[in-house]
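The next part holds the structures, each set out as structure tokens.
Look at the two complexes coming up: chain A is in both, with chain B in one and chain C in the other.
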Partner chain A sequence: MSTAKIPEPDELMQIKYAPPQTAWMETPVDFRPGTWSYGAAAKNLAALDMPNPRAWQPSDADWKLPENWRQIILDGMKERLDKYRSFRLFMDICVRCGACADKCHFYIGSGDPKNMPVLRAELIRSVYRRYFTASGRCFGKLAGARDLTVDVLKEWFYYFYQCTECRRCSVFCPYGIDQAEITMIGRELLNLVGCNINWALEPAANCFRTGNHLGIQPGGIKDMLEFLADDIEDRTGVRVEVPINKKGADILFVTPSADYFADPGTYTCMGYMMLFHEIGLNYTFSTYASEGGNFGLFTSHEMIKRLNAKIYAEAKRLGVKWILGGECGHMWRVIHQYMDTMNGPADFLEEPVSPITGTRFENAKSTKMVHITEFTADLIKNGKLKLDPSRNDHVRLTFHDSCNPARAMGLFEEPRYIIQKTCDHFYEMAEDTIREKTFCCGAGAGLGNDENLEMRMRGGMPRAMAVREVVKKHGVNRLGCICAIDRATLTTLMDYWVPGVSVMGVHELVGNALVMKSEKERSTDLRGEKIGGS
Partner chain B sequence: MGTLLIVLTYIAYVFIVAVYAIKVRKWLKLPVHIRWDLYPVIHEEQYRYGGSYYEKPEWWTQPRPKNTGRSLWHALKDNFYMGEYFKRNPLYWLFLLPWHLGFIFIILFHITCFFAATAMVGGVTIASDSPQLLGQIFYGILMAFAVIAFIGGTFGCIGMPVIKLADRGLRSYAMPMNYFNYFFFLIVYASGLYSWLALDPTLAEYRMYWVGLITLTPPDLNPATVFHIILFDIFLIYLPFTRSTHYITRLLAYFKIRWDDEPNFRGSMLEKQLNDLLAQKLSWDAPHILKGQSWVEAAISSGLPETKPETKKD
Partner chain C sequence: MFRRNFTLAITAIITLSFISIALVYLGLTVVLTIALPYIAFVLFLFGFVYRIVQWAKAPVPFRIPTTCGQEKSLPWIQNNPVENPAGPPGVIGRMAGEIFLFRSLFRNSQTEIVDGRPVYGSAKWLWLFGLLFHLSLLAVALRHLRFFTEPVVPLATGLSALDGFLEIGVPALYISDVTLLAGLVFLFLRRVILPQVRYISLFTDYFALLLIAAIVATGLLMRHFFPVDLNAVKTLAMGWVSFAPSAPADASILFYLHLCFVFVLIAWLPWSKLSHMAGIFLSPTRNQINNSRSRRHVNPWNAPVKVHTYAEYEDEFRDKMKAAGLPVEKE
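Right, the complex of A and B next:
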């Protein structure tokens, strides 16, 4: 746990947007406590076969880099410039118009100009100019180029781990640049010399070892799911089954481990389990594919593939027909954009068809993996669920579009459809803070740690201010989302900026509203709070 | 001098076309991207709610209509009015827009000169009181383009360094090369402005010059006009090394990365490109990736360590 002192909200709100007196290349990075994440531990680097495992921290003067670190980075850059059309074009194309600047939650919350996406990219672009363009080689600083030094590397580390890869800036870039891609490449390059953050690498190493970020062993997973079944029985009088590693199940259900490990995700998980019980779904959890999240996305493309492989491998082992995925953010970017080509083809699975409604999920024909909100929205649309939205009357809800399902999947309507059928008090936040323009929670991409808390509160401030507006206007007391990182980190964010607002998953709403056969009279919601009015 | 001018002009035009072509070819030869997935996808019918043709059954066998007009407008709209700047920094916009209009219109002016000269060779008289309507239209367009280019460009080139130096925020992030560009481009535009205002109010000399280029007949021009044309030729040679490439790369970024979502059909060119890529060798190895593997070998392996069958020892 970090001991960094976090300013009070009023103090944090005093943001200075004036740039520093010195030119940006001459302004060294300041590793101020509370604004950076701990370096990756040697054991985690070693566990993942990553280079240069050693004991170090970003605040150290000596980062214990390999002797030829510069050559390693430049070779890595060259390889990626040749491999990714996007990287080469994004290096060449930017005119520094600044349209992205005030779209970044970290710049809005910190006022640090190097958190403007344009300047964050310029950190790497200046090195690209120096070593890979004629003007940079000939004219150096006159052409905006600079040498790759240890200080530059430290600057990369600080700012590329202050970007949550949320892609909000990319929506607004008039040149079509996807700034998150530049951050991803920047992080890959840092990885080549062993510079990563522990909060990204420890979950990745755990995932590689046990299948889930938290390193939970199969027995622990079984215990926790049964504990949730106990809670469901306590609230509803209905005992739901807990199918685990069930060979021959129709569907493998994969969700982030935070859903069955930590509140408020557990209530969302209870919602899934109640739903599956009620419709009689022949499904199974897996103790191996026990994690939907993939912190490889915050490390390298190779790591994404490596960690994601278990989902198809387990689907094959268990002999299921197709895969259903829970409420998660970055998990869905990986599944929607990468899984099919990285780990596929999943030709041993069937085209997903809902066994309840008969709906064919054509959009998932190739990946064979369906998003839970698509599945549930289809059940509701076909009248397969009996719902009593009045059981959520104590909830005055607003909805945070999680970055990846929104911008990487276009999943805007399905969660809203479910919300409207399960909750009578739903209020949208301001138009430029939802759907594809949604603001990040400020803690994605591996930044949701405690030592980085000040930066999280700064980065999450724009989202929190939008929530504060609907709290004032409509008395909102609950923030819904479909992402496990959101459920974990928005809770802290709300406590800091908008106390009194708690966070929930959409399937917690479903669990509350679901009228189950042979249930007892429900007096509380899944949290054990009184239902039916505030 | 006239001959030299013709030679220099041809060199400049061949050079700019060749360098841009080489650059574009280089960008296009880089590995293709699969669908980029940043929603909403503007050219799709379902873009308003974040949807896509993925929602249709057997989508790859069905028409996938693209609204090219909407996507082109999305990609190019900023060139013409720069609305983001106007909203956020109107004073900066006041100089930035004319600076960009100068670029666009000086090139449009010369392209139009080529067509006008071609018409002249064909017997059309270019003048405000030309007996042919085509001649009057050419005259009007040429005057409009030149006036916008020379005045807008000069105004922008003076204003941009002034506002950048006056504003600490802008000054911090400007490169010295930016100021060189402002100075050089100012000379280009101002020389054209002077030549037009003081010596050639109907721009007849440019038309003569372009007729000379087409017929390979050295024109007899005023030294001030010659000076501007030489500068403009150097401007053309210099342009590919500046950020002006963004006029092209922007289209590539949108159409060849963000919106390049053609399905990979059997026997298609895309399949060939992908097969060539997949044959490349990996440059790294790890316990789960064997040294010397090709991309395709890595892609079809599970990504997990291979288990070796145990051998019994006697």
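Right, the complex of A and C next:
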């Protein structure tokens, strides 16, 4: 645990939006406790063959950089300017209109001007101008250019690890400049000289070796899933099967490891298992591909590919027809926008067809991977599930659109349809805070660690305040989402800003409402809490 | 920082003016009427070709549209074909919205902390004046075609007639001149007054606005207060396009200033942030179809990476897998 003391909510809310007196290029970064993440441990870098493993912390004066670090970064920039049109274009065309400024949850929550997406981008743009444009080389500061120094590198680290790659700014930018793209490249560059955070790199290293972020070994996965099956039996009287690494299954199911590891994700996982049992789905979990999430996304494009490769490889080994994916945000950014390009074509799989309804998932015919809410919405629409929403009467729900399914996919209606069929008390938050304008939990992209808690609470504040409004207006007591990071981090966020609101996945609602054949009369929900409302 | 950047921008404009005046007094008007236009034209053309080639030759390795509406998924779910394009018509619609209507800017809101929570007020002013400024600038540029075409293209005459239909004053006041000025004043005041925008502003941000303001000012003065010989102007402009330019015998200092500012702007345009006028067409978050699950997007530099294979995994965990009763490939 971090020793940083986090201020009380009232104190944290005293946000000053007035910029400092000193110009931003002359304002050095202050590594204040509670606002940054620990550096990656040497063993994790070594496990992934990444450069410059060493003992260090961002608060150290000496970061123990390689001697030629500046050249490494500049060469890295050159390479990426040639490889990514997005990067080159976004370096050139910003007019600094500032439309993005107050759209970033970290800026809204901290008032630090370098958290305005435009200025976060200028941190790297200023170096781009200095070394890669004629005007920057000739006119220097006048053209908005500056030298790449150790202080600049430290500033990059602080602010690129204060961006959750949520893409909200890119919705508002008149040119679609996406800070997530700039942050991703910025982090890649930092990784070239060994400046990275442990909370992103340890999960990546674990995932590489054991198949999941938490480093759970095969027997552990089996135990946890069996444990969830026990809980399901306890609540419903129905014993569900736990198929693992099963050859001959029709479908490989991949979900974030947090779903079977920790509350409240476990209740969502129970929902999946009950659903699959009830419809008689011939599916399997995998221990090798036991992680839907992909912390490579918070490290480098290469790392995304290295970790993601397991999913297709395992689908091929097990001989399944297609892949179904659980509720997770950044996992679905990777699957929707990167997987097929990086590790496809998946020509050894079949175009996904629901074995229960016969629906062809045309939108997934190339990746061969279907989102669980698409799958379940189709089941409900076709009347294949018997649902009793009154079992969720004790839940007064609002729904948080997770950043990536919202802005890197456009998955808005499927989860809402499922919610409407499984819960009678559903209230939307304010329009500026949902769907494509949804606010991040403040702790995605590897930032959900304890030492960064103050910044998480600041970044999550806009989301929390929108929840607080529906709590006041409609007595909401539950925050639904389709993201495993959300389930973990929104819980902390609610405890801090809106105590009394707990967090759930959409398939926990399904598990509660699902009327199973030969089930006993249910007196509790999946959490063991009394059902039937007040 | 603001004071320094702004002062420098003013100084730059004044310096340009002095250079023009000096050239006129030294009898070197050909520099402004013949040399500068061609230099500017070459820099403009070369600059944009260079920029666009640089952008275009960088591949788009991944399909990364920012989705702002429901995707096309199950047939009974209503998708949003423009904000989340499922095909080329959707992308064309989306891009048209961005380019002609500034769709994304229309979403703009303003965040304030009220009663201990953030509220998101409507802030369409930037959109309104931004659009007004750009459309007016386009109209003004197109109206100038009357100097470059003989017979004058109907677009220019039509636009001038439409633009001056209020018939205020002689010659008639053009609406686009007024709206252009209004847009400029708004954008300038916004940049100077809002502390956040002022904080991020560079010298070039002020210079761009002041340079356009100088062009508008000299243009308006010539049209309404200090008339110039339009025939001489037309002769000069036609001379440029026919590559046989001749400097007018006599023209006012305002005209030379106007020329100087215009051609500096044209020359600088592709090398500055003003290149956004071309860049927006290539923006990958806006011009891509969101179909990466139904159609494979190919990355030209996709290369193999080091992965941890199932065989390596099983080798490490085989005993544990067997102990847990999990199937293995090799006994």
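In the analysis below, the second predicted complex is superposed on the first by the 534 of 534 C-alpha atoms of A that agree within 3 Å, B and C clash if a C-alpha of one lies under 4 Å from a C-alpha of the other, contacts with A are read in each partner's own complex, and residues count from 1 in each chain.
As a convention for this text, a contact is a pair of C-beta atoms (placed from the backbone, for glycine too) under 8 Å apart; a residue touches a chain by one contact, two chains touch by 3 or more.
Quantities reported herein were computed from a predicted structural model and do not represent experimental measurements.
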{"item": "Fit or clash between chain C and chain B when superposed on chain A", "value": "clash"}
{"item": "Which superposed partner A:V501 touches (first chain B, second chain C, both, neither)", "value": "neither"}
{"item": "Touched partner set for A:A200, first chain B, second chain C, both or neither", "value": "neither"}
{"item": "Which of chain B and chain C A:T287 touches, first, second, both or neither", "value": "second"}
{"item": "Which superposed partner A:R317 touches (first chain B, second chain C, both, neither)", "value": "second"}
{"item": "First (chain B), second (chain C), both or neither touched by A:E79", "value": "first"}
{"item": "Partner chain in contact with A:Y175 - chain B first, chain C second, else both or neither", "value": "both"}
{"item": "Partner chain(s) touched by A:N245 [first = chain B, second = chain C, both, neither]", "value": "second"}
{"item": "Of chain B and chain C, the chain that contacts the larger number of chain A residues", "value": "C"}
{"item": "Which superposed partner A:L123 touches (first chain B, second chain C, both, neither)", "value": "neither"}
{"item": "Overlapping contact positions on chain A, where the chain C interface meets the chain B interface", "value": "18-19, 23-24, 49, 82-86, 88-89, 92-97, 99, 102, 113, 119, 122, 134-135, 142-144, 167, 170-172, 174-178, 302, 305-306, 309-310, 313, 336-337, 341-342, 362-363, 406-413, 436"}
{"item": "Chain A residues touching chain C - in the complex, by the definition given at the top", "value": "10, 13, 15, 17-19, 23-24, 49, 81-89, 92-99, 101-103, 108, 113, 116, 118-119, 122, 134-135, 142-144, 167, 170-178, 181, 208-211, 217-219, 222-223, 244-247, 287-288, 301-302, 305-306, 309-310, 313-314, 317, 335-338, 340-342, 344-345, 359, 361-367, 369, 374, 377-378, 381, 406-414, 417, 430, 432-433, 436-437, 461-462, 465, 468-469"}
{"item": "Chain A to chain B touching residues, read off their complex", "value": "18-20, 23-24, 49, 79, 82-86, 88-90, 92-97, 99, 102, 113, 119, 122, 134-135, 139, 141-144, 167, 170-172, 174-178, 302, 305-306, 308-310, 313, 333, 336-337, 341-343, 360, 362-363, 406-413, 435-436"}
{"item": "Contact set on chain B toward chain A in their complex", "value": "27, 30-41, 49-52, 54-59, 75, 77-78, 84-85, 88, 168-169, 172-173, 175-177, 180, 241, 243, 245-246, 249-250, 252-254, 256-258, 283-284, 286-289, 299, 302-304"}
{"item": "Interfacial residue positions of chain C with respect to chain A in the complex", "value": "1, 8, 51, 54-64, 66-74, 76-80, 83-84, 98, 102, 104-105, 107-111, 113, 116-118, 120, 126, 130, 194-205, 271-276, 279-280, 282-286, 290-299, 301-302, 305-310, 313-314, 316-317, 320-321, 323-327, 329"}
